[in-house]
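Take a look at the structures below.
After this come two complexes, each holding chain A, first together with chain B and then together with chain C.
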Partner chain A sequence: MEKILRDKKAIFLFVFPAFFVFVVIVLLPIVVSIYYSLLDWDGISKGIFIGLKNYKDLFIRNTDGFILAVRNSFILALLSVFIQLPISLFLALVLSREVKGEKFYRTVYFIPVILSTVVIGQLWMKIYNPDYGLLNFLLTKIGLQSLTNQWLGNPKTALMAVFVPIVWQYIGYHMLLMYTSAKSIPTDIYEAAKIDGATESQIAFKITIPLMKPMLKVCVTFAVIGSFKTFDLIYVLTNGGPLHASEVPSTLMYNMIFFRYRYGYGSAMAVFIVAEALIGTLIIQKLFANDDAN
Partner chain B sequence: MGRFKKLLAIGVALLLVLSLGACSSSGTNTSSSSSSNNSSASNSSNSSGSGEKITLTYWNIYTSDPLKTKVKEMLDKWNQENPNIQIEQSITENDAYKTKIKAAIAANEAPDIIQSWCGGFSKPFVDAGKILALDDYLNDGTKDQVLPGAFDNITYDGKIYGLTYSGQASVLFVNKDIFSKYNVQVPTTFNDLINAIKTFKSNGVIPFALGNKDEWPGMWYYDLIAVREGGVQLCRDALNGKASFEDPAFVRAAQKLQEMVDAGAFAPGFMGLSRDEATAQFSQGNVAMYFGGNFDGAAFQKEGSNVKGKVDAYRFPAIEDGKGDPTEYIGGGANALLVNANTKHKDEAVKAAKYLAKQLSNAQYVTAGGLPSWKYDDVDPSQVDPLAVQIMNNIVEGAKDSVAAWDLYLEGNDAQTHKDLVAQLFAKQITPEEYAKQMQEKINGSK
Partner chain C sequence: MTLIKGGGKVNNINIEKQSNKGSKKIGYYILEIFLIIWAVIQLYPLFWLFLFSVKDNNEIFGGNIIGFPHIWRWSNYAVAFSSGNVGKYFLNSVIVTGLTIAISSILIAASAYAIVRMKWKYSKLVLTIFLMGLMVPIHATLLPLFMILQRLGLLNSYAALIIPYVAFAIPMGIFILTGYLNTIPIELEESAFLDGCSIYKSFYYIIIPLIMPALATIAIFTYLSAWNELMFANTFVNDDAIKTLTVGIMSLAGEYQTDWGPIGAGLVIATVPTVIIYIIFSEQVQKSLVVGAVKG
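Up next is the complex of A and B:
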C-alpha cells in the first residue's frame, strides 16, 4: 500500500479523473462566465464586447437594484449564522447526549431538508395567505388581530416572511452535521467533567463546543455561502417581489437572463456571487484560524 | 446479514447508474410523452415523399386537461393518416417552458414545430435567424382560412413567421348573483365602475379579484385603460417608438388606475397573490368582478367552481372623455406555432404545423382556453363553452381594433420594465407623471 501511495504516477492516475471533471464542470464555466460578463449579449444572437460596463451598471450606476439584492443576501447570512446555527447547535447538543427518541427526533428534524423546495414554498404560501392562512388565523384567535398582515404581498414584510422558511428548512441539515461531530467526542471526557462537578451547560460550552470547532467552521461556511447563493425558495414564494422587496442576487440574475435577455449582464452578477462566496470562505477561514491560535 | 447487505448495496448502486443513464437522455424533470427531447429532426433520410418515415418533434405547454387530451387526439389522428410523417410531442409547464424553449433555440436544439407567443417573445428568435419565414407557404389559401388580423402579431419586418392559433381578449367577468343581490347594474362607464366598486366595498364584498405577484395581471388593467384613453393606434405608435409615453392619455390612464386602487377595488394582499389564487378566489363566488383575459374564463367554468354558469362577459366600461373607441380591446393573436429554420423537413413541418394550428384553434375555442384565430364554421356551437361564445359575441365581434397586451408586444427587457412600472402604480409608489416619464425614458429613450 505504501508503495502505491509513494508512486507519483499512481497518485496522478487516481486523482486525475476527478480533477478533470472538476476543471471541466466547475472551473471552465466560471472562466467562460467571466468572458460573457464582458459582453452585451442576449443569449441568442452575437455578443458585443463592452468591457467592464456591466460591472459599472451593477455597482456604480445601480440601475437594477443589485446593491439592495446583495444587502438582502447579507441579511440572510446574518440570520443563518446567528439564529439558524444556534438552534441547530442546541438541538445537536441535546440529541447527542443520549436522550430518549434520539433516532426519531434526528429523522424528524431532518425532513424539511429533504422536502422539495417547491413543496415547502407552497406550504408556506398557504400559511402566509392573508385570507385563509394559518398565521393570520392563529394571530386572530389569540387576539393579536392588529398584527395580521399580507406577509408575502406587503413589501415591508415580504423579506422577513421569505427568510423564515429558508432558515427553517436547513436547521436539520446543520443539526445533523453538528450532531455527528458532537457524537465523536469520547465520553470519558464527560465522565471526568462530571466527577469534577461540571453542570450540563458548562460541559456544553467549555468542552463540547470547542471540540466541535472544525465542524462549526464547516457549518458557518455552508450557511454563509448558501445565503449568498439562495434562490429556490425566494423564487417560489415571491420571485423577488413584491416590487423587488425580497430580491436577492440570484433571482435578479435569473430574471435578467431569462426574461430580459441580458445574458452578459446576468453573467456579471453570477461572477460577483462566485467572487463573494470565495472571499467569504477565506474570511471565515481566517476568523476560525485566529480562534484556534488562542 | 452480511450477504444481504452486499446485495442491497449492489442493487442501490445499479439503480443509481441506471437513473444516471435516464438523466442524460431527458433534459428536464417535467412530464413528457416523447422519448427524446433534445434531438430536433428525424434520424432517417431527408428526401421528402420518398416513402421513408420522418419524425417531426413538437413542443407545447398543455400539461393538463382539457387541452392535454385534445392535443393527443389531434396528434393520434395525424399520425394515423400520415404514416410517413409522424409527430412526436414533448410537454412542459408554461413558465418552465418559456425558459426551456429560449435555451433550446439558443443551443440549436429546438424542435421542428415550436409553440410560442406572438409579439416580443418570438422576436429575438426571428432576429437571430432561427425561425422559418412562412410567406411562401401561405399562398395556397391558408390566408382565407384564418380570421382577419390573425397574423398581425406574428409578422416581423413585413414577413410572417408563425401560424397563430389562438387569440386573447380582455374581458370584464361579472358574477351575476352578486350584482343582482346588491342591485348593481353592470357598469358601462368608468364613473359607474367606481360607484359599483364603492357599493360593493361598503357591503363588505371584494370588488375585484386580482393576483399581481407576476405583475402581468395588473398590467392588463392599465393597458386597457390606456386603450380607452388614447385608442389602439396611439398605443401601438408609442410601443413602436413613434409616439411618446408621456402623452396625456397615458398619464390619465395611470391616474384612473390609481383611482380604482383608492376606491378599494382590490383586496389587500393582492400584490403577493398569484393569478391562479385570484381566479380561485373568484371561483369561490364571493367576489363581484374579475378583469383579465378570456383564458381565465376556463377556470370559472371548471367542474367544482362555485360560479360555473353564473358569470357573464362584458367589455370594460367606456371612458367618457377618452379618445379610444369603446369596442377596442387588449388581445389579438397570442399563441402561434413556429417552424424551426433549421428543420430538415421544411415542407412536411409546415404542412403539419398548419394542421395543428387549425385543430388547436378549434380546441382552444371549445374549451374556453383561447379565442380562435382560424375560421370556426366547422365547430358545433353547442360544443362550445357558453362563456367563450359570450366573449366572442360581446367583445370580439364588431370590435374596431385590438392591440396585444403590452408585455407580449414589447421585447423581454422593455416588457419587464413596463410591468415593474405598472406594479409601482398599483402600490402607489410613483405618481402617474413619474410613471409616464420613466416609461418614455426606459422604453423609447434608447430608440
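Up next is the complex of A and C:
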C-alpha cells in the first residue's frame, strides 16, 4: 500500500495540472507586474528600464490624483470598519439570540452579497438618477426637495454616493460571519450569565463579543483589504469621476493601463495595491495580537 | 452560607424579571420592527428593479416611479433578449461558469487528494504555495495576464476567461478540500488497495463520492465568483459574441441609456439564476462563503 501511495507518476498526474495553471496564472503575474513597474512602457514599443521612478511619481509631486485615490480608499476602509461592521455586528448579535424568524432575516440580509456588482451598480445608478431616481423622488415626497441632487454627477457627493452601495452590499456578509461565530459559543455560558442576572447588552459586551474576537479580526481584515482593492461598483457607477472625485487606486490603475497605455506606471499602482493589502493585513493581525496580550 | 447567598440571588432575579417584563417586551417589539425595516432596506431595491423592468419610459417619466405598473410590459424582456443580446450573454455566462466549475473541480479534487493522502516529500510545500494564492488580489495579475493571453491569441475567447477563473478558484478549493479530506477515515481506501484496487480507481470510485459535499461548497463559491466577475471579463473580452452577462449588461445599459425597461429586464435576467440557486441552497450558499472566510 505504501508503494501505491508513493507512486510518483500518479502524484505528478494528480498535482501537476493544477499546480501549473496556478503558478502560471496566479503567482507568476505578480512577479511580472513588479518587473513591469520598473519600466517606462506603452505596451507597443520596447520598455525602458527606469528603476523606481514610477514609484517616485506615485508619491512625490504626484499630479494624477493617486494620493487622493489612496485617501479615498482609506475613507472607505474607515466607513467599512466603523459603520458597516457595527451594523453587521448588531444584526448578528440580535439574530444569534433566537429571534422569531431568525432564518428568514439571515437569508434576506445576505441576498445583496450574492448579486453581481454590475447588477447592483446599475440598480443604484437608477436609484441615484437625478430626474426619475428613487432617492430624489422620495426626498421630494417627504418635502426635502432642497436636498435633491445629481448624486453621482456632483463631485461633492459622488464619493459618498458610490460608497453607500459598497457598504450596503457587504453588511450581510459580515453579519453572517459574525453570526456563525456567535452561534458557535456554547449556550450554557449564556444561561449561567442570565442566572447571575446579566442583561442582554451585558451578555453581548462582556461575553459574546470578546469570544467572537477571532472572527472580528477576520471581518476587520476583509473590510479593510476589500476597501483597498475596491473596483467593481465604482467602475460601474462613476469610473472614478466626476473630475476624479470618486477615484480609488484600482480605477486609476485600470484607466492608466487600458486607456492611457502607461503600462509601467499602472503596474506600479497594481504593486502598490498588493503591498498595501499585505501590510494592512499584518498591521491588523498585530493590533489584534497586542490586544490579546493586554 | 454560600447556599443561602445563591438562593437570595435567584429570588432577586425573579423579582427583577417580573418588573422588567413590560419594558423587555417593548424592547423586543422595537427590535423586531428594526429587523423588519432592515429586511425592507435589503429587499426593496430589488423589488423596485423588478417593477421598473415591466414599465415603459412614459410611465416612469410620467411620475409612476415607485408604484406598480399600470400595464405590465413583459415585452421589455423580449426586447432585452432579442435586440439586447441578453440571451447570448446569458448562454456565454453559463458556458464560462459551467466549464470553470467542471475543470476546477477536477483539478482541485486531484491535487488535494495527492496532497493529503499520498506520500511525497514536497506535499507540505506545494500546499503552502497553493494557499499563498488566497492572498493574491486579481489587480496585480491583470496586465501580465492580458499580455500572456494576447501573445497566445486567446483574447476574445471563452478560454480567456475560463483559464483565469479556474486558476483563481484553485487556492480556495484546495483550502476547503484538504481540510475536508483530513476528516475522512482512510480505512475504506486501505481495504480497497488490499483488494488490488489502483490509486486511480480508488480516487474515482471511493474518494470522489465521499468528497461530493465539499465539492458542492467549492462549486457554489466558484459559481458566485465566476458568474459575477467583472474586471477580467471586461478586459479580456470585447467581442459581443463572447461577452458574459456582467459585461454584456454594461454595454446594454450604455445602449439603452434612457430606456429603463429593457435594462431592468436584463438586470433581472442576470440575477434570476443566482436567486434561484440561493433559494434552493440558501444554507449551503451561506456555508460556502463562511468556510471561505475562516482560513486561519
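For the reader, a short list of remarks on this structure follows.
Quick note on the criterion: the second predicted complex is superposed on the first by the 265 of 294 C-alpha atoms of A that agree within 3 Å, B and C clash if a C-alpha of one lies under 4 Å from a C-alpha of the other, contacts with A are read in each partner's own complex, and residues count from 1 in each chain.
In this section, contacts are C-beta pairs under 8 Å (C-beta built on N, C-alpha and C of every residue); 3 or more make two chains touch, one makes a residue touch a chain.
Treat the numbers as computed from the prediction; the structure is a model and nothing was measured.
By the document's definition of touching, both partners, chain B and chain C, reach A:258. Shared-chain residue A:134: touches chain C; no touch with chain B. Of the two partner chains placed around the shared chain by superposition, neither chain B nor chain C is touched by A:49. Using the contact criterion defined above for the overlaid structures, shared-chain residue A:27 touches chain C, although it does not reach chain B. Of the two partner chains placed around the shared chain by superposition, neither chain B nor chain C is touched by A:82.
In the superposition on chain A, A:59 makes contact with neither chain B nor chain C.
In the superposition on chain A, A:205 makes contact with neither chain B nor chain C. For chain A, the partner with contacts to more residues, out of chain B and chain C, is C. Applying the stated contact rule after C-alpha superposition, one finds that A:112 touches chain C and leaves chain B untouched.
Common to the chain B-facing and chain C-facing surfaces of chain A are residues 131, 258. Here chain A touches chain C in the complex through residues 1-2, 4-8, 10-11, 13-15, 17-19, 21-30, 32-33, 36, 91, 94-95, 99-101, 104-119, 122-127, 131-134, 137-138, 168, 172-173, 176-177, 180, 195-197, 215, 218, 222, 229, 231-232, 235-236, 250, 253-254, 257-258, 263, 266-267, 270-271, 273-274, 277-278, 281, going by the rule given at the top. Put simply, chain A touches chain B in their complex at residues 42-45, 128-131, 150-155, 158, 238-239, 241-244, 255, 258-262. Every residue of chain B that touches chain A in the complex is listed here, in rising order: 98-99, 102, 105-106, 124-125, 127-128, 130, 212-215, 267-273, 277, 281, 411-413, 415-416, 420, 423-424, 427, 429. Contact residues on chain C toward chain A in their complex (touch as defined above): 9-10, 12-13, 16, 31-32, 35, 38-39, 41-43, 45-46, 48-49, 52, 60-61, 65-66, 107-108, 110-111, 113-115, 117-120, 126, 129-130, 132-133, 135-137, 139-145, 147-148, 163-164, 166-168, 170-171, 174, 190, 193-194, 198-200, 203, 224, 227-228, 230-231, 234-235, 245-247, 249-250, 253, 260, 263-264, 267, 270-271, 274-275, 278, 282, 285-286, 289-290, 293-294.
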